[in-house]
Each structure stands twice: as structure tokens, then as C-alpha cells.
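The two complexes that follow have chain A in common; it is paired with chain B in the first and with chain C in the second.
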Partner chain A sequence: MSHLSLEEMRSGFLGIADATFEFQRNLKRRLREIDRKALNAQVLVRRHGQELAGYGVVARSFRDGAQRLQQAAMQLQHAIHPLMLGFMETLRDSHQAEQLQRLSVAVRERAPQLNETLRRHQHMLEMRSDQSRHATLRLSHMLKRVEHIVTELEYVVINGRIEAALKTDVRTALTQVSADMNKAVIQVRQLLREYAASIGRVLP
Partner chain B sequence: MDTGILTEILAESLLATRQGLLQLESNPADPEALDACCRTFQTIIDSANALGAHSLLAWCRNLDGLVDGLRRSALPVDDVTIGILRRCIDFVEQMSETVARGNPPAPAPPELAESIQSLVRGLGEGASELLVGHMGALALDESAEGASARRDTIRVESSRLDRAMSQVGELVLLRNRLTAAVTAMSPGDENLVRLARETDLAVDDLQSTVMYLRMQPSRRLFQRLPQVVRDLSVQYGKRARLVLEGGDVEIDKVMIEALAEPLLALVRNALEHGLECPRERAAVGKTEIGEVRVTAEHLGDKVRIEVSDDGRGVDPQRVLSIVLARRVICQADAQRLNQEELLNLIFEEGARPSDEAGGIDRRGVGLARIRRVIQSLRGRVQIKSNSAAGACVSIELPVSLAVLPVLYFKLRRETYALPVSLVDNLIEVEPGHLHNVSGRAMVQIAPGSTVPYIDLGQRLHGVALRPGRDSCEGILTEHGLLVVSAAVGIEDSVVKPLDIAHRESWYQGATISGEGEVVLILDVPALVHSLRAGDAA
Partner chain C sequence: MKAEKFYSEGSHNWFIVYDQSEARVIDSNVYAVQIDESTLLCDPGGFEVFPQVFSALVDMVPPSSITAAFVSHQDPDIASSLPLWNACGADIVWHTSALWVGFIRHYGALEANIQGIADEGGEIVVGSGRLQLIPAHYLHSSGNFNLYDAAAKVLFSGDIGAALLPPGHQPFVERRNIDSPEAFDAHIKHAEFFHRRWMPSNTAKRAWCDRVSSLDIDFLCPQHGAIYTGKNVERFIEWFDGLEVGCASN
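== the complex of A and B ==
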């Protein structure tokens, strides 16, 4: 990050802030959608009773997965906060350091404390950089965890589709529910991918 | 064995015998029908013997002698013989009822004894003596000897099963609380989660086992129908064939009892109003013998019972004119209904016509009352009709009433529930898809599909939910899209009646959720009916 100019940093951080806001808004909606689809599957199973006991296991696993995903998403939100805070503090320190560096040599010689302040700012910047790196690592770890749960959900959906194919009487209804679940999971996967890409562009 | 149980077995056997006699009457040469009659007579004799009611036993042996005469072709299978047998069965029924009350039965009517005597004269001397010997005084020894009927099955008082079911219901509620507590306390403790799951499955199995203990075959529900069809055919001068299918389909005992009268009423309607008389049928190219079909089938955890006939059907426009005249529905609402919906207005209060025509029940259990009974059993009833092919009334019921799967939903901070059986789908509410049609809120749920928009926030709290601003979710039902704050989850619940509710409550009861919260269970049909009545007013 240190090689970037203040303007580049500002632009990058704002990009991440926008992407984060969009991600949080969409994730909430998509997770609700996944939970709704899981509930729909459970309702379908209940309406058909013992006949769909096998699919009941799928529906329950999907709902459990959806709830784990919500918990992981909540932790992901917590991981985003320190990163955004670090960005804002980095921008502030960078701005102040740049202001000081712009002062003429004569001015800086007359006020020896300024050099000390500048060194402090640069030290803070290095600290912020470390903190941001840690926050980014944590965020990346959380994103991977969410992706892992999404992969589990995809596996559950595949099982659901197999189960649906085996049930001749209610195949249409089950296939529709499975397709809905699949679509909801794909949307979350896509959302995660886009967000990870947005962060990767600024924080490689 | 318990006297009550024995008399119950006797009553069942008598009904089965009546049915067998009807079959024999329609097909005298059917050896299977004759064998079935002999078998049920034998059960009657066994039951009478076990009861220790000697006079009853003697009479039953008379019947067995007569049937044996039929089997050996010593007696003709004609109207006279079957008529006498039927009267004998009636008399055995009277006797068993008297015995059940702890009283000695009255002697046989002399004319019945005479009829039997004249009949058995054709059986040969030995048989005649055997039969006539039992026609004397009917002394009784009611000291039940407790004869043990050795069978693979046992009979249990239904109240014991009800108690077991009620206890399982409590166990289900505890299981729900345990699951919720484990989820809240230790999501990471795999052992505890596994234990809760295993408990969950074990309770499910137990619930299912106890539920099936109370199940009885639909055949019991159908038993009275052949006699009714036969009697009404004679009364109305019609010719009808009754077809019964799905007698083995099992239903909760409570439903069998509750459905007996509504089913009889539907069959009576089919006979009285649906089927035409033979001349009329011939004139429109139908066979002279009309058909009334009663079927039962399983649909997952539901049972569907259908009563159909191939008569003249029901005219939706006629139903409409009646309901409009009686202000059951307003003109604006009527215009929005399709033919099938119009037809189903027949179940509304006040839809009964006062004149002869119309094909609608005018006596006994009315259609509105039938619907109330079905709804009280958490089922639904609908009618389909085709003027050429007749009418079909279809009843869908849950297999059991013991446990009700519900969907919990939030309305702002409060939790409510509604039966899962009503839920078609859970969908997102798009503000752009809301419309106002003739002053009524509608919502487009799919291209070409618009349904009533029922804001439960407005209806239950008096403050509307605002899609796009408030948290909103749609629960699609056959009555429309119920708009709530959020659907939360499903659970098996046990319904507790609401004693404090006034007569026209929108709630069918309450339950206790896994979180230990008392939750009201919405009665959606009652709510929608009330909304419709409000609109009509």
C-alpha cells in the first residue's frame, strides 16, 4: 500500500467501501433468500409427510447450512469493520504526513519538532499498514470460511437434486425447490467472488 | 374381554353382515358374498359367546343355520330369505344394545319367529328342529364368563389411546424446547447436537407409532352407505350403483366419527339431487343406472375422500344468482371469480336454495355445516361439476389431528403460527408488484398470476406493513399472499384450544413454541371469510 499515492489510496479505499456497502446489502438479502428457500423445502417435505422423509434430511441440512452461513456472514461483517477503520486512519495519517512533507526545508529547519511529528506519522502509517494487512488476512480467512459453507450448501443441493430425481410422484415440485435453492446458493457464491475481487484489486 | 369392546365387535360384524346381504341381493349367485356373510355370522356368534349372552347366542345360531341353508342351496337366495335375514340382524342388534346396557333382551317378535319357521320348513326335518328349538323363551345369563378370544390383535379402550396421544403431544413440545435450547446454548457441541437430533428422531417415531394406533380403515366410514343408497334409491324411484374404493385407507378415529354424518349427507345429496331418474337419464343418453362413487386415497400425509356422481351436476350461474340474492357476496367480488370459485360458493352460509331445483342440499347436514366440520378437522372441501358428467365433492384432510406442523412467522416483534398445510410458497414481496383492483389490494406473484394481498400487519395489529421500508415477506396460500415481517421456521405443534376466544375468532388455538413462547395459530379461512364478509357488507 505504501507505494500508492494518496489519491490512489483514497480511490481504492472508496472503491472497497462502496463494494462493502453493496456486498453487505446484497448478502443480507441473498441470505434471507437462501433461508426462505430452505424453509420452502421444509414446508414441502412437511406437506408430503413420510413420502419425502429422504428429502427432509436434505431440507434440514440446507436450513442448517443457511443458518451457519448467516453466522459466518455476521463474523465476516465484524471482520470488515476494522479494515474500514484502518483505511480511514491510514488516509488521515497519509494526508497529514503529505501536508508536512510539502512544507519547505527552511520552515522545517526552523521548527525541528515538525520532523519528529513527520516521523511519528510515518511510524503510525507503518503500524496502520500492518493492522490493515492483519485485517485483510482476517477478512480473507472469513471469506474463505463463508465460501466453504457455500460449497457445503452446493453439495447439499446436489443431493437434493438427486433425491428429487428419484421421487417420481412429486418430482416437479422437488425439482423446482432444488433449482430455487441452487439459484440462491449460486447468487451468494457470485456475490462473494465479486467482493473478493474488489478487495483483491486494492489489497493484493 | 371388556363387554363394551365385545359389543363394539358385534356392532361392526352386524354392519359388515348388512353389507354382505346387500351384495348378495344384487348378485345372488356370488359365492364370495355368501362366504363373506358366513364369516361375519361366525364373528357374531363368537362375540355373543364371549359376552356370555346365551339368548343372543341362540339367536345368532339361528342366523347361522339360515345362512348355512343358503350355502348348501337348501334355501333360495331371494328377496324373502334376505328380507327375513335382515330383520333377524336388526333383532340381534337390538338384543346386543340391550345386553350392553346390562338388561335382559326382550323375546323375539312372534311374527319374525313365524317367518323363520315357515322358511326353515324347506330345509329338511333336522335343520327345522334345530332352528325352531331356539325360538322359545329367551332366558339370559349375563354373568360374563370372560371367555378369552385368542387372536393376534387386542382391543384397547379408545380413551387410553387418546391419553397416550396427548402425552406424546406433550413430549413433542418438550422435544421442540430441547432442540431450541441446544441450538441456543451450544451450537459448537457436536455431542449435544447429535443427542438432540437422535431424541428428535425417536420422538418422531414414537409419535408416528402412537398416531397409527388410532387409525382405522375408511371402510368403517363407508359401512352405512350401501344401505342408505339402497333405501334412498327406492324412496326417490332412482336406480343407483354405489362404488366404494379405498376402504383400506386409514384415517384417524376422530375423523372417522366426525365424517360419518357429512359423508352420508353428501351421498344423500348425490342420490336426491345429483342423479336423474331412469327416464330422464335415458332421455339424455345415459345408462338408466346412475353411479355414486365414494373413494378414499392417501396423498402424502393427507387423505382425500371424494363423493362423485354421474348425474346432472351443479350450475355455477344458479349458485351465483342465489348467493347474490342473499348477499353472501357482492357483485364486484363475484366478477373476479372464475367458474370453479363460483361453484364453491355453494359451501357459504346462506347459499342453500329454498326451491326444489339446484342440486344443493336442503335437509339434514347442510353444505355450510359440512365445510365447518371439515375445517374443524383442519381439512378443506371443494366441489367440481360438469353438467354432462355430474359433480364431485372432494374432501382433503390430514391423516391425523394429533400433531399440527406449523410455520412460525414474525409480525413485527410478535410471533404467530399458521398450519404448514396452508402454505404454498414463501416469496419476497416486491413493492412494484402491488396493485389496487376495484379498491382491493392485489399482488403479482408471477407473470400472469395475481392474488389478493392480505397485510397481516394491518389485519392483526391495525398498522400496515410497508414493503420496501419495513421487513416484509409473503406467505402464499390458496387464499392469497399473507404479508408478514418474516417467516421464521417450522415445527410440530400441539394445538391448545382458546377458551377465551369469542365465537368468531381468527385463531384456531395456541401452541407453545420451542422457545417456550405461547403462540397463536391463525385460522386463515376464518380470517379470509371475515374479510370477504366485510367487503360484501
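== the complex of A and C ==
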């Protein structure tokens, strides 16, 4: 983060806040869709009884995966919090330090406590930078977790397609449900990719 | 700090950010009204608590939607965060009493776009909504305004209705048994000293009570303490009307 100026970081963090808001809003919508598709699949399975028991497992896994994704997204939101708080504290402290740094060296020499205060500010900024590094690591860990759940969902979709191909009687209906699920997961993957890219621009 | 949505109708939302965790400065609430894609902040808060307010608020609204801020009066707990908000959004239009424009620039951000409100009040447009600026001079500041949202029936009352509550407080005055005045009576004990000591004018107070009694209010939202809802709004106006203010002795 240190290669960026405060000005660049400020605009980057505001971008992250906006991107987080958009990501969470869109993800909620997609997860609702996923839940509906999985429910449709479960209804179809119930209608055909034992014959589609295998697909029932797929539909249930899909729904469970969507719920886990929702929980992970909430944790991701919580992981953004300390990062945002830390940066805004840095912004506040830098603003204070800037006021003092504007004073000429001659003035500062006549009031030695000013230099002491500036040193304290610098120390505080370094501490916050450390905290930000920890918060960034945690965020990156949470992002990986979300990605992992999406990968699991993709795997469930593949299994669903195989199951659908094996059931000749209801193949058309199952293929449609599987295609819907596939589309929903692709959209989530795309959302996640865009969000991770917007974070990566500020927090490499 | 925590953030909570307390009014929502279509694309029209009101939020409160409350219960700050820094105890060395007076506990303050920040409100935000979002209409369509635009957000207005009400009394955006002090310099020291800005990081807390910002990080709680962005869970609720995207920062790029913040287009305006209303500053009820000049106090530091209300507006000293101005340079930091301005750093995060140089296009934010600030609205405060014309009396205080030159004063609040002392907080920093000389280049901020600050619009002075005339003594008789006016209107602020947020998205497709129009919010009324209600004069509340001398309650407590000499140039002081409330903000009324007629569509949501929300009155942001600045320091009027303020209560000094302990940490961990709720955003609302207890409303589970709203027909009983018991919860209101318990709450208002935390508000009495504030109003007696900080509000200087009985005349101004009576004029305000008359003015707001004619408004349809579901939420009376002070900058300190908790939101009055339903019957507690009437109870507060009645209580305030009967209170002798402008007194420095106990």
C-alpha cells in the first residue's frame, strides 16, 4: 500500500466502499435467484419420486452451497470494516499532521514540542499501516473462501448436468434446470472476479 | 458505531448511525436520507469520530451517492468532520445557516461548497424528494435549523430532543409499550439537563413547539440520544413546551 499516495489511497478506498456495496447488493439478488432455481429443481425431483433421487442430492447441495455463500459474503463485509476504519483513521491523522507540517522550520524550531507531536503522528501512522496489513490479509483470506464456495457450486452444477444426461425420461426439464443453475453460478463468478479486481487495484 | 435503516419506502430510505465507541467526546448520532441514488447527511459529526461514522455508514449507502450535507448549526460535534468528508467527496454541497458559513470554514476545507440558508428557511432537493428547512433559531444556536421530510414524516431536530445516554444505548426511545408513558418518562430524565442548560430561550422554544405541532411526524430524530416515535413525539413536544429553559442553576 505504501507505494500509493494518500490521495490515491483515498480514492481507492472510496472505490472499494462503492464496489463492496454494489457487490453485496448484486450478490444478494443472484443468491435469491440461485435459491429459487434450486427450489424448482427440488420440486421437480419430488414430482418424479425415487427416479430422480440422485438429482435431489444435487439440488440440495446447490441450495446449501448458496446459503454458505451468503454467510461467507457477510463475513467478507465484516472483513472490509476494519480496513475502512483504519484508512479513515489514517486520513484523519494525516490531516492533523499536515496542518503542523505547513509551519515553517523556523517556527517549529521555536516550539520543539511540535516536532515531538509530528514524530508521534508518524509513529501512529506506522502502527495503522501494520493494522491495515493484517486487515488486508484477513480480507484476502475471506475472498479466497468465497471463491472456494463458488468452485464447489460449479462442481455441483457439473454433477447436475451429468445426472440430467442420464435421465432420459425427464432430460429436457433437468437440462433446463441445470442450465439455469450454471448461468446463476457464472454470474456470481463474474461478480466476484470484478470485485476482487477492484480490491486488487488498491490492495495488491 | 452501528447503522440502522428506520424508514424505507421504495427508493426513499432513512438511516441512523448511533452509539459511538469513543467516550471522550459527546455521543452523537448521524442521520442519512437516501432518495433515488442521492444521499444527504444530517449533522455529519465530529472530526474525531469520522472514521467510525464513515465505516458504519458505507454498509448502508455507497459513498459516491453522498451529494449533500445538512448542518443544523455550527458546533464541533456536528460539523468538524467537514474537511474529511470534503476529502472523500469534494462535490458534496453543504447547507447551513448563512450566519455560520464563515465560521464552519474554520474547520478546514476552504474550497468546500457551503450554501448559506436564509433565516426564514427553505428547501433542499435530494433526488426526487424535497426536504423543508424549518427555522429553530436559539434552540440552541442563534442560527439553527431542523429538517423535515414530509413524505417520510421524519423531523431531524438537531439538538432538540437530545438526551445524554450511557454507552450501548438503543436507537429508539423504548416503543414496545408505546401507550404507556413509562418508557418516555424514564428516557426524558436524560434529556432534562441538556434542554434546561443548552436551550437559552423560552420564547424560541414556544414558537418551535407551535410550529412543529402542525407537522405530521412519525420520527423525531435528535442528534444526541434516541429517536422518538409515535406517541412519544407528542409527549416530547408537550414536555418541552412545559419546561423552563435558559437556566444555569439546578
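Heads up, the rule we're going with is that the second predicted complex is superposed on the first by the 203 of 204 C-alpha atoms of A that agree within 3 Å, B and C clash if a C-alpha of one lies under 4 Å from a C-alpha of the other, contacts with A are read in each partner's own complex, and residues count from 1 in each chain.
Going forward, a residue touches a chain if its C-beta (ideal position, glycine included) is under 8 Å from a C-beta of that chain, and two chains touch if they have at least 3 such contacts.
Because the structure is a prediction, the values reported are computed rather than measured.
Contacts of A:Met88 after superposition on the shared chain: chain C is touched, whereas chain B is not.
Of the two partner chains, neither chain B nor chain C is touched by A:Arg189. Once chain A of one complex is fitted onto chain A of the other, the partner contacts of A:Arg133 are absent, as it touches neither chain B nor chain C.
Once the two complexes are laid over each other on the shared chain, residue contacts for A:Arg108 go to neither chain B nor chain C. Contact with chain B, but none with chain C, is seen for A:Glu51 once the two complexes are overlaid on the shared chain. Of the two partner chains placed by the overlay, only chain B lies in contact with A:Asn40; chain C stays clear of it. Contact with chain C, but none with chain B, is seen for A:Ala17 once the two complexes are overlaid on the shared chain. Across the complex, chain A is touched by residues 187, 208, 300-302, 399, 405, 407, 420-421, 423, 425-428, 473, 486-487, 489-490 of chain B.
Chain A contributes residues 10, 14, 17-18, 20-22, 77, 81, 84-86, 88-89, 91-92, 95 to its touches with chain C in the complex. For chain C in complex with chain A, the touching residues are 47-48, 50-52, 54-55, 58-59, 61-64, 83-84, 87-89, 108.
Across the interface of their complex, chain B is touched by residues 32-33, 36, 39-40, 42-43, 46-52, 63, 71, 170 of chain A.
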